[in-house]
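One chain, chain A, appears in both complexes that follow, with chain B as partner in the first and chain C in the second.
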Partner chain A sequence: MKDSPALAVFLTCDQVPRVLAASAGRGSTWVAAGRGEESGFVPYRPGLCLAREAGPTRHTLKALFFPRAEVLFGYEIVDGVPRLHPACSPDRPAVVFGARPCDARALVLLDPVFEEPPHVDGLWGGRRQAITLVGMGCERPGPACFCPAVGGDPLGEEGLDVLMVPVEGGYVVRPLTERGRAWTEPLELPAARPDQEAAAEATAARARERLGAPPAVDLQAALGRHFEHPLWDRLHERCLGCAACTYLCPTCHCFDVGDEDGRRWRRWDSCMFPTFTLHASGHNPRTGGKERMRQRLMHKFCYYPERRGRPACVGCGRCVEICPANLDLRSVLAQLEGVQA
Partner chain B sequence: MTTNLRETAARLLAEGTVQLVLGWERGTLPLRTTPLFAREPGEAGRLVYDPTCDQNLAGYLGRVKEERVALIARPCEARALVEQVRENRIDRDRVLAIGLPCSGRISRSALASRLTGRVIREGRLAADRLVVAGDDWREEFPWTEVLDPVCRGCRLPDPGIYWAAPEGAVPPEGDRFAEFDRRRSLSPEQRRDEFRQAAERCLACYACRQACPMCSCAECITDRTAPAWLGPAADPSDTMLFHLVRAMHLAGRCVDCGACARACPVGVDLRHLHLALEREGSERFDHCPGLDPASRPLVGGFRPDDREEFIL
Partner chain C sequence: MNPYLPHLAIIEDVIPETASHDVKTFRVAFAEPEVRAGFRYEPGQFAEVSVIGAGEAPISITSSPTQEGYLEFAVKRAGVMTTAMHHARPGDYLGIRGPYGNHFPYREMEGKNVVFIAGGIGLAPLRSLVTFVLAPANRERYGAVSIIYGARSPGDLVFKWELERWGQRDDLDLEVTVDRGDAAWQGRVGFVPQVLRELAPRPDNTVTVTCGPPVMIKFVLQDLEKLGFTPDQVITTLEMRMKCGIGKCGRCNIGARYVCQDGPVFTYEQLQKMPAEY
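Moving on to the complex of A and B:
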């Protein structure tokens, strides 16, 4: 998808409403909006309060492609013969504006999970194909952010079609793909001046400095060695066993499937719940909170990297922010890394 | 106060009076604390106590294995402990409640509103002032401006379960029923709509249930699979059912510590459901949860003089 870089343009803060209105006129446009615990991605409407402060929105981008609950198909039995009805998919966005680089990267990490043959989901892929992602670079990463530690960047381009870099008075807007160009060009924005480009570089440098360099640790190997380590008995103690961290994680993607009234649903599920691994026999291979929390971390930082070469975490810090017990993933991992044999 | 607390905790551990002290230590984000499970006298030095201690630690009592446990207890923890003892979930002699005077706690969600969503880089308490700073701003105000609404008009009568009773507590003035009374003034349709909107926002992550010191069921109704009480569609009516069932299970037991509302990652506060039952219990049956370990349960108890005019 990615090809020769297009010219960056400049968008002033004042022009944002006009640009959004223009985008919404061309196709359903969703924006990162709202504050704090209610912030998330919603359909654009004039006067909406855009999320511009540091860090990602509380609700994730994944929910647009993998909703909390959705119908997979309907069914009925007519004269003893089962008939299937395809699900009617609700309206989905054509453009998402204001996604953070970590949000976009999370989608890239989930693409193979849903779409790699032979098990092609279709629903995820269909929505992904239709989307133009206009990203908002992070000028001031929040205190919970840690994207460089998992291979990300506050101004990362992976998965985005356009990257907006905040600078004084506006944004340097960089189309990154053909689709990104198709979104940017009709806006007829002026080319970014060299001083604006330089300001964008400075934004990136400041954001990177704030986040610091990634630790030089092979976390995957450390986790693989320490599966049975007694430290786990202590690490999980504070964990309450709720699913706040998994449901609001941009890369957690486990689901359950159930039937109701002639429809087959899939709904988010969480490895933090005892029922997640409950067998029909009544046996449960993950007996307690320790096993469940360990699974969550091992999946993200050991099993997924074994298959895909990088962790299933984008360092958005949502789990750090929302954990009622402030059980900070970063310190948990640091303790595991520090374990001697 | 913190120094005393650390010394007491370290001594209890060193002498072997308890094997575990449950308290709070500094968290990893500004103005956050996290539970501390201190097992060595040296670890007691990490204990902190101030209005940023927002979890109810009594919920951990049923999970730890130690023979004797010291619980750093504000009235919220102490009242939850009373209920747990009353229900024979915790052996009273197993827990030493180290009482601490409480003048309320900070509501993170009130603080976020006060700061209109700006990101806090630094925060500290200096006596009764809260000092918070971000990238290019700094503000200082009395922390009681962001007092958790749950703490307003806190019931402080001594639950009589302390090993060391708190001294010098200053109950914040106010009315913790204020929001409840506002809702009561709405029409049933408006109240239903508000409840439904909250249910639509609820992700059913069950942080409220897990943070609650009184949610004690070994298997929650939501975990039942045969039959499954909640459908697969994440329908708001299912979410409403969960919250109503939870409220009914907490009737006469909820100590209104507000842990459920503070734990919610998406800002759903359904405390008013519990307050409705608290008020019912108090007005009709003179029942107050969390004060007397020998009291009878609101729902399970019966007295010949119970009001029963509602029985036709």
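Moving on to the complex of A and C:
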């Protein structure tokens, strides 16, 4: 969808409310808003307070595309004959304003999971087509951020339609796709001046410097050799199996399916729960915390890369911040990277 | 596109299989003629079968593509959905989506002898391939066909009606065994691996296809190795807890493979390269 780079425009801080109101006038507009634990994506309303956290919002962008609970179809049984009423994905255009590059990148990582033929998930795909993503580059990465370690960038463009880079007094706004241009053009903003473009470069350089360089280790290869390694016996010891990390993870996509109240639902589920792989016979291929934690890490850093060429992690650090047992994925990865062949 | 939406199908017949009726075979036909005409599948594939309101479960299609106009599922009563299914009667509706998964490599098997080794309800997925291989249009493409089938007791044998038909054929060697006999049982008594060792099929130009309870599989694999079969000559079909059946819900992986898409059929050679987490 990406084509020749369009000219960047400049948006001053005090124009943001007008721009949001204009966007909301054209179609539903979701905004990264709120503070700390509460921050997430909410429908635009006047006076909304933009999220200005260092790093991503607490709640993920994923939930707009793959809701926590979603109806697959409704059913009723009339004279013994079931009638099914399929859910359809909303196809009215919408806009998300303020998504962080890591969250957008997570959607790109999930696209092949949901959309790879022959089984195309139109519920996901419909929303992906309908929603324009206006991203906000990370000026100040958060304390738990580690996107460069997994191939990301605080000013990354992947998956975004527009990237806004915060600079003194406002934002350098760069449309990245046709859809992005369709959002920026009606705003009639002035072209960004060379000094503003230079300031955007400086923002990027500062953010990258804060995050540091990625480690030069082939984690996928190391993990591939170490399914059976004594480290797994220790790594999981502090894990409570609460699955909070998976619920806040922008790339976790496991779900359960079940019938309730005349509807077949899908709901987020987690490989950290003991029942996740429990057969009706009582047999369970992943019996304990060790196996479950290994599965979660292997999936993100070995199995997914084997299929798709890169890790299923965007380094947003939400799992680090939420873990009640203070398990830090960064140090877990460092330990795994330290394992010698 | 909503890939979770099942097609409706009507139950035409329900056949109790085991003495305790904990396994029943359901013969079903799609309600819509276009679906009935367009539904194509291969031996070894499965479907997600629903009792609308009680849920959905992956079930092997036990009929063969050579049998047109209907599908058959042999279902063991295990939990919520399979129990609801056991309450269903002819004329009741099921939801079916699929077919899903890979299939038995029946083309690669052409020209070879085939040894089927099954235990309990593990015969259900193999039956599709047995019927396919024995079909008049296909039979001459395969060499000698033998089946070793066992269950805990005579009452636990499934597809007895089918076993009788197979037993009458002279182009097929059928050995049925039970772990424990009863007063009426005149057949073999002994575990499947024992029978396998006794019959000692030769590995030359032969493939084996096996499915059954994990303990049986474990010993069958050991014995096949002792008989000289190499891991690529041994084909099995796996079970993992599933929800979506189409590689999305993240539930059924063994290492980087999703059993619902890359399986359920694997060679022993492939399994040896995967983590033993199944």
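FYI, the second predicted complex is superposed on the first by the 333 of 341 C-alpha atoms of A that agree within 3 Å, B and C clash if a C-alpha of one lies under 4 Å from a C-alpha of the other, contacts with A are read in each partner's own complex, and residues count from 1 in each chain.
Here, contacts are C-beta pairs under 8 Å (C-beta built on N, C-alpha and C of every residue); 3 or more make two chains touch, one makes a residue touch a chain.
Small disclaimer: the values here were computed from a predicted structure and weren't measured.
Once chain A is used to superpose the two complexes, chain B occupies space next to chain C without a clash.
With both structures placed on the common chain, the touch criterion links A:G151 to neither chain B nor chain C. Once the two complexes are laid over each other on the shared chain, residue contacts for A:E37 go to chain B alone; chain C is not touched. Within the superposed three-chain model, A:P17 lies out of touch with both chain B and chain C [touch as defined at top].
For the combined model, the angle formed at the CA centre of chain A by lines to the CA centres of chain B and chain C equals 90 degrees after rounding to the nearest 10. Of the two partner chains, neither chain B nor chain C is touched by A:P214. In the superposed model, A:G74 makes contact with neither chain B nor chain C. Residue contacts after overlaying the shared chain place A:V257 against chain B and chain C alike.
In the superposed model, A:L278 makes contact with both chain B and chain C. Closest approach of chain B to chain C, taken over C-alpha atoms in the A-based superposition, is 7 Å. Residues 256-259, 266, 278 of chain A lie in contact with chain B in one complex and with chain C in the other. On chain A, the positions that touch chain C within their shared complex are 72-73, 75, 77, 80-82, 84, 86-88, 113-114, 116, 119-123, 125, 227, 252-259, 264, 266, 269, 271, 276-281, 283, 285-286, 291, 295, 298-299, 302-304, 306-307. Remark: chain B residues 27-30, 32-35, 37, 55, 59-60, 63-64, 109, 112-113, 116-121, 135, 201, 203-207, 209-211, 223, 225, 228, 231-235, 259, 262-267 touch chain A in the complex. Of all residues in chain A, those touching chain B in their complex are 35-39, 53-55, 58-59, 68-69, 140, 142-144, 234, 237-238, 240-244, 246-248, 256-260, 263, 265-268, 270, 273-275, 278, 289, 320-322, 324-328, 330-331.
Interface residues of chain C facing chain A in the complex, by the touch rule stated above, are 1-6, 8, 52-56, 78-79, 82, 91-93, 95, 214, 239-241, 243-244, 246-251, 253-256, 275, 277-278.
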